[in-house]
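In the two assemblies presented below, subunit A is common to both, partnered first by subunit B and then by subunit C.
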Partner chain A sequence: MIRDLALQGAQMLAVVVLAPLLTGLVRKMKARLLRRQGPPLIQPYRDLIRLIRKEVVLAEGASWLFRVIPYIIFAGTWVAASLVPTFGSGLLFSWSADLIAIIALLGSARFFLALAGLDVGTSFGGIGSSREVMIASLAEPAMLMIVFTLALIAGSTQLSTMAAYMATGEEGLRVSLGLALLALIMVAIAENARIPIDNPATHLELTMVHEAMVLEYSGRHLALIDLTSELKLLLYISVIGCLFAPWGIAGPDANPRAIAIGFVAYLAKLAVGGLLLAAFETAIAKMRVFRVPAFLGAALMLGLLGTLLLFVSGSL
Partner chain B sequence: MRGNLAFDIAHMLAGTLVLVSFMQLYQDRLYALLNIYALHALVLAASVAWQAFIQDAPHLYLTAMIALVFKAIIIPVALHRIIVKLGIHREIETVVGVGPAMLLGMGLVALAMVVMLRVTAEADPLAREDLAFALSVVLLGLLMMVTRRNAVSQVIGFMSLENGLVLAATGAKGMPLVVEISVAFSVLIAFIVIGIFLFRIRERFDTVDVQALDRFRGERR
Partner chain C sequence: MTAAYALYGVAALIVLAPVAIALSTSPHGTAVIYGASLIITLTLGMIALLCLFGRAQTPGIILPLGLPWLGAHFRIDALAAFFLAVVNLGGAAASLFALGYGRHEHSPQRVLPFYPAYLAAMNLVVMADDAFSFLVSWEFMSLTSWALVIAHHRVGENMRAGYIYLLMASFGTLTLLLAFGLLAGADGNYAFDAIRESHPSAALSALVLILALVGAGSKAGVVPLHAWLPLAHPAAPSHVSALMSGVMTKVAVYGFVRIVFDLLGPPDWWWSMVVLAVGGITAVMGVLYALMQHDLKRLLAYHTVENIGIIFIGLGLALAFKAHGMALAAALALTAALLHVFNHSVFKSLLFFGAGAVLNATGERDMEHLGGLIHRMPQTAFVFLVGCVAISALPPLNGFVSEWLTFQAILISPQLPAWGLKLLVPAVGALLALSAALAAACFVKAFGVSFLGRARTPAAAQAHETDSNSLAAMYFLAALCLVAGILPGIFIDALAPVTNTLVGVSMPQQADLEWLTIVPIAESRSSYNGLLVFIFVVLSGSIAAFAIHRIASDKLRRAPAWDCGYPDPSPAAQYTASSFAQPIRRVYGTSVFHAREIGEMPPPGSLASARLTVELHDLIWDAAYAPVAKGIEYAAEKLNYLQFLTIRRYLTLVFAALVLLLLVLAIWQ
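Our next item is the complex of A and B:
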C-alpha cells in the first residue's frame, strides 16, 4: 500500500517535472532541423519560473471564473497524466485509469478553457474558443472510436490492463491496431495544437487557436496554462507509448531494478516521440482552419474502419 | 490465427495498401497524389515480395520487381513529366469533396468485406481478409476514377485498381507468371495509350478536364 502510494507520488512528480523538458526537446530539435541554434533544453523551466514571478494583470471584465480556471484545467490534466502507466503499471490509482475517464478529464479541462476564452469578451478569445470547440467536437468522436477498437482487441478500457495485454504480444500484428495507431496520432496532433492544425509558436490572428484563447492570461495563470499544455503533450505521447510500445513497463509487483529499467525505457520513449514530432512538424506546412474537419474526419474514418474490421472479421 | 508472424505481416501489408488507397482519395493535389501512388506501388511490391518469401515462390519476386521498377519508379516519373509539360500541377479538381469521397470509400470497404467474407466461407480466415482487402483496393481505385475530373488523376485511379488485382492474384496461390506479366504489360500499354490521349485532349481542348469532352458532345449538366 505504502509502496503503491510512493510509486503513484513518484509518477505524479515525474510527469510534471518531465513535461517542460519534453517541450524544450521538441523546440530544440525543430530549431536544429532548421539549422538554427535554438533555445537551451531547460528554457521552458525558465519561462515558467519567470512567469510565476510576474504580476498577474487581469482584464477589466474578468469574472472569478477567469481566475479559477487555470487551476481547474491544470488539476484535471495533471490527474489524467498521473493515471497513465508510464514507467510502471502498479500504481495506487491504476484501477481508475480508464481511457474513457482520461478523455473525460481532458474534455472537461477543454470546456473550462473555452469558457475562459469567452469570459473576458474579447474577439480573439471568442474566435479561439469557437475554433477549439469545433476541433474538439471532431476529435472526440475519433478518439472514442479508437478507444472502441483498442478495447475490443484488449478486452478492457483500463489502461494498465491494456498495456499488460499488448506487452504479451499475443495479438501479433493486426490491421485494426495499425489503423488505431494512425488515428490516435492524428487526434493527438489536433488535441495538442501541433502544426498541421495549429501552430504553437505563432500569434498570427488568422491562424491561432489555442493561443487566441489564452491571450488574456498573464503571470502565474499563464504559467499554469503553459504547463498544462506541456503536460497534455506528455500525456498523449505516454498513452501512445504505453499502448503501442509497451516494452519495459514494470509490472504491478516489480522490484526496484525493474522500475529503474521502466523509467529509462519511458525516458527513451518520450525522447523518440519528441524527435518524431519535431521532424514531422518541420516537414509539414500548417493547413487552413477549414481543412481541419477533413483531417479529423480522416482520423474518425480510420477509427471506424478499425472497429468495422474487427466486427466483420469476427462475425462472418 | 494468432502468433503467426508471417501471415500477420502479409495481412498488415495488405491493410496498409487499403490505407494508402484512402490516402490517395484524401489527396487532391496532383504532385502529392503522384507521390502517394508511388508509395502505393512500393507497398504492393513489399507485399508481393513477402508473399514470395512465405510461399517460397521465386517467380513472385519477379512480379515484385515489376511492381517496383515500373509502377513505383517509371510510371510516377513519366506522369510527373506529363504534368509538368501540361502545366497543370496546381490544379485541384474533384467532383465530390474529400469528406463524402472518404465516406463512400468506407462504404465500399464494408461492401468488399461483407461480399468477400460471405463468398469464401470455408477458406483460411487470413486469406479471406486478404482477398477482401484486394477487392477494397480495386473498388477504391474505381471510386478514385469516378470522383476525379482530371484525366491524370483518373489514370492514377486506374493504376491503383490494377495494384489491387495484383494483390489478389499473389495472395491466392497459383496465378501463373504469364498472366501476371501480360496484365502488367497490358496496363503499361494502356498507360501509354492514355498518355497519348491526354496530349490529344490537351491539344484540342486546352485542358485535361474531362468535362470539356461532355461540353463538346453537347451534354448539359
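Our next item is the complex of A and C:
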C-alpha cells in the first residue's frame, strides 16, 4: 500500500517536473532547426519561477472566478496527467478515471479557461474564447471517437488495461489502429494549440486563440496557466506513447529495476515525441482559423471510420 | 396503501387550486399556496422514495371515476415511483423558489390557481394505471400548463406561443389516444393490466410505437416536433418554466417508456433504429439551435431538446439490447437514460431558477443586455455556474455520469448482430459526442455573456442579489448536482427496481464497491470514481494555491485591463452572445440554418455606420410546419365559400351526402 502510494505520488511529481523540460526541449529543437541558438533547456523553469515571484496585476473588472480559474484548470489537468500511465501502468488510483473521464477532465479545464477569457470583458478575450470553443466542439468528439476505436480493440476504456493490451503485441497492424493514431495526432496538435492550428509563440495577432484567452493573466496566475499547457502537452504525448509505443511500461507489481527501465523508456518517448513535434512545427505553416474545422473534421471522420470498421468487422 | 396516500396528496393539490382563486388577491396568498405546495410535494416525494426503496409491490387502487365500466385505476410500481420522485423533487424545488420569486408576480391570480393543479396533473399521469385516466390526466397537464404559459399574455409573443403549444399538445394527445386505442383493441379494455395481457400483432405494435413516439415525443420535444417547446417554456413564469422543462418533459419520457417498454411487449430490433436516429438528431439539432439564441430562457429551452435527445439515445440502445436478449446491456443503457432523466430535471430546474433570478433582478432575458452579473449577484452566479458545469457533462458533477454510462452502453453495442444497428450506433455515438462538446460551448456562452464581463446596460449594472428562498432552492439543487456526481452509485442502485421490472435484470450493485466507484460491467473494462476525482482536484488545487501563496508571492494589484494595449472603454466592445457564437455559426450554421452574414459598408467618405445582418432560417419550421399552416389556411379559405350558400344548395349537399353514404354502405356489404 505504501509502495503503491509512493509510486502514484512519484507519477504526480514526475509529470509536473518533466512538463516544462519537454516544452524547453521542443523550443530548443525548433530553434536549432531554424539554425538559431535558442533558449537553454531549463528556460521554462526559469520563466515559471520568475512569474511566480512577481505580483499579480489584476484587471479592474476581474471577478473572483478569474482568480480561481488558474488553480482549477491546473488541478484538473494535473489530476488527468497523473492518471495516464507513464513509467508504470495500474498505479494505485489509475482506475478512478478511465480515458473518457480523463478527456472530460481536460474538457472541464477548457470550459473554465474559456470563461476566464470572457471575464474581464475585453474583445481579445472574447475572440480567444469563442474560437477555443469552436475548435473544442470538433476536437472533443474526434477524441471520443478515437477513444471508441481504441476501447473496442482493447475491450476497455481503462488506460492501464489498454496499455497492457497494446504491449502484448497481439494486435499487430490494423487499419482502425492506424486511423486512430493519425486522428489522435491531429487532435493532440489542435488541443495543445500548436502549429498549424495556433501558434504558441505568438502575441498580438488576430489569429491567436490560446494566448488571446489568457491575455489578461499575469504573475503567479500566468505561471500556472503556462504550466498547465505544458502539462497538457506532456499528457498527450504520454497517451500516444502508452498506447502506440507501450514498450517498457512497468506492470502493476513490477520490481524497482522494471520501474527504472520504465522511467528511462518514458523519458525516451517524451524526447522522441518532442523532437517529432518540433520537426513537424518547423516544416508546416499555420493555417487560417476557418481552415481548422476542415482539419479537425477530418480527424473526426477518421475516428468515426475507425469505430465503424470495428463495429462492422472484428478484424479490421 | 401508499398509492392511497399519494392520491390524498394529489387531492390536496387539486383542492389547493380553488383555494388559490380565493387567496390570489390577498397579500399572503403567494406564501400560503407555494408553502402548501412545497409541503405536499415533499410528502409525495417521500412516498415515492419509500415505494422505490421499499421495493414492495404496492397494490393498485380503483376509484369510481371516469368510464363507468372501467373506473380510474392508480398504481405506483417501480417505474412510476421513480418518475413520481422526479416530479415531486422538481415540484418541491420550484415551490420553494416561488416562495421568493412569486412575490414579484404582477398578476398572481393568473398563476396561483393553475400551479397546484399543474403539479397534481403531472402526479396523476405518472400514477395512472389505465389508458383513460392516463389520457385525461395528460390532457389536464397540457391545459394547466397552457394556462400558465399565457399567464403573461400581454407580453411579447406569449399568446402565439400558447396557441402553438395548444395545437401541438392536442396533436400529441390525439396520437396517444390512437396508440392506446390500438393497444386496447376492439374490446376496449383500457386497464394497463389487460393491455399487458393482450399481444398485438407485429404491424400493430409498430404502429403503436410510431404513435407513441410522436405523441410522447411531441410533449418531450424531439426534433422535428419540438417547435412549440422553445416558445412555450420561456413564456411561463420562471418557476413554471423550470417545471415544464425539467419535469413535464420527463413525464413525457415516462409516457414513452411506459408504452414501449412495459405495455407493448417484446420489441422488434428495428424499433431501436427509429428511436436512436430520432435521439441523435434531436441531441445535435437541439444544441445547435440553443447556440444561436441570445434569449437566456429560450437558450435553456432549446437545450432541453438536446437533453431529451440524449435520453432517447439511451432508450434506443436499451430497446436494441432488449430486442436481442442482452438483458444486462439493456439494463445499463436504461439506467443511463433514467439517470439522465433525474440529472436533467435537477440542473435544468436550477438553470431556469437562475434565469428567473436574473430576470427579476434586471428585467432582462436577453443576454445582449446583461453582463457582469457575477459582481452584483455573486451567489446566483455561483449556483448558475454549477448548473452550467453539470449540464455540460463535465466531471465531477452529475451530467457527466449519465453521459459516461451512455458511452459505455455504446461500447458494448458491437455485439449486436443486426447490421443496421452496427452502422447506426457509431454514428449516433459521434452525434452524442458532438452534442456534448457543443453543450459546453453553449454554456460557456450562456454563463460568460450573462454573468462575466462588464454590464452592457444600466439595468444589469444595478442588479441586486435575489431573495433567500430562491437562493435556498438553487443551493439545494446545486448540492444535488454535486452529490449525484460524486456518489452516483447510490442513484444507480436506486434505479435497480425500475430496470428489473422493465428489462428483467439490473446493473450490478454499486454501493458495495470499494471507494464508491461505479463499475458498469467489470473493473478491467471501465470504472469511474467521481468522489476521488473531486477530492484529487480540490486537493491538488488547494495545495498549489497554498504553496504558491506561501513560498512565492501573494501580492496583487488592480490596474486597467491590458487588452493588448487597446482597451476600449465602452462595454459594447465586448464579445456579445451572437459574436461569441459566430465561429460555430460559420462552421455548422451554413448548412443547418442556411446562415448568411451580410455586411453593408457605407461608400467611402460617407459617415453612415456600417451594418452587419445575420440571416438564420429555421429549416424544420420552413419544411414541416409552414406548409401545413399554409395548407390549412388555403383549405379554410376555400371552405369558407360553403358558409354563404342558399338553402337549396345546402339541401342538395345534404342529399348528395346521404346518397354517397348509402352507396358506400351498399358497396361495403
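Everything that follows uses one rule, which is that the second predicted complex is superposed on the first by the 310 of 316 C-alpha atoms of A that agree within 3 Å, B and C clash if a C-alpha of one lies under 4 Å from a C-alpha of the other, contacts with A are read in each partner's own complex, and residues count from 1 in each chain.
Note that in this section contacts are C-beta pairs under 8 Å (C-beta built on N, C-alpha and C of every residue); 3 or more make two chains touch, one makes a residue touch a chain.
Not measured: the values here are computed from a predicted model.
K.L.:
If you stack the two complexes on chain A, which partner ends up touching A:Pro293: first (subunit B), second (subunit C), both, or neither?
P.N.:
both
K.L.:
I want to verify the contact counts: of subunit B and subunit C, which reaches more residues of subunit A?
P.N.:
With both complexes superposed on chain A, more residues of subunit A are touched by C.
K.L.:
A:Asp253 contacts which: subunit B (first), subunit C (second), both, neither?
P.N.:
neither
K.L.:
With the two structures laid over each other on chain A, which partner does A:Leu304 touch: subunit B (first), subunit C (second), both, or neither?
P.N.:
both
K.L.:
Tell me the contact category for A:Gly178 with respect to subunit B and subunit C: first, second, both or neither.
P.N.:
After superposing on A, A:Gly178 lies in contact with subunit B but is clear of subunit C.
K.L.:
Considering only touches as defined above, state whether A:Ser130 meets subunit B (first), subunit C (second), both or neither.
P.N.:
second
K.L.:
Which partner does A:Glu170 contact after superposing on A: first (subunit B), second (subunit C), both, neither?
P.N.:
Once the two structures are laid over each other on A, A:Glu170 reaches subunit B alone.
K.L.:
Subunit A residues touched by both subunit B and subunit C?
P.N.:
293, 304, 308, 312
K.L.:
In the complex formed with subunit A, which residues of subunit C make contact?
P.N.:
The contact residues of subunit C facing subunit A are 371-372, 374-375, 378, 381, 385, 389, 392-395, 400, 404, 407-408, 410-411, 413-414, 422-423, 425-427, 429-430, 433-434, 436-438, 440-441, 443-445, 447-449, 452-454, 515, 517, 523-529, 532-533, 536-542, 544-545, 548, 552-553, 555-564, 567-568, 571, 573-575, 579-584, 586-587.
K.L.:
Subunit A touches which residues of subunit B in the complex?
P.N.:
2-5, 8-9, 11-12, 14-16, 19, 22, 26, 97-99, 102-103, 106, 109-110, 113-114, 117-118, 121, 125, 129
K.L.:
Give every residue of subunit A touching subunit C within the complex, in rising order.
P.N.:
12, 52-61, 63-65, 71-72, 74-76, 78-79, 82, 93, 95-98, 100-101, 104-105, 107-108, 110-111, 114-115, 117-127, 129-131, 133-134, 136-141, 144-145, 148, 151-152, 155-158, 161, 203-204, 215-216, 219-220, 223-224, 289-290, 293, 300, 303-304, 307-308, 310-312, 314
K.L.:
Okay, in this complex, where on subunit A does subunit B touch?
P.N.:
Residue list for subunit A touching subunit B: 170-175, 178-179, 182, 293-294, 297-298, 301-302, 304-305, 308-309, 312-313, 316.
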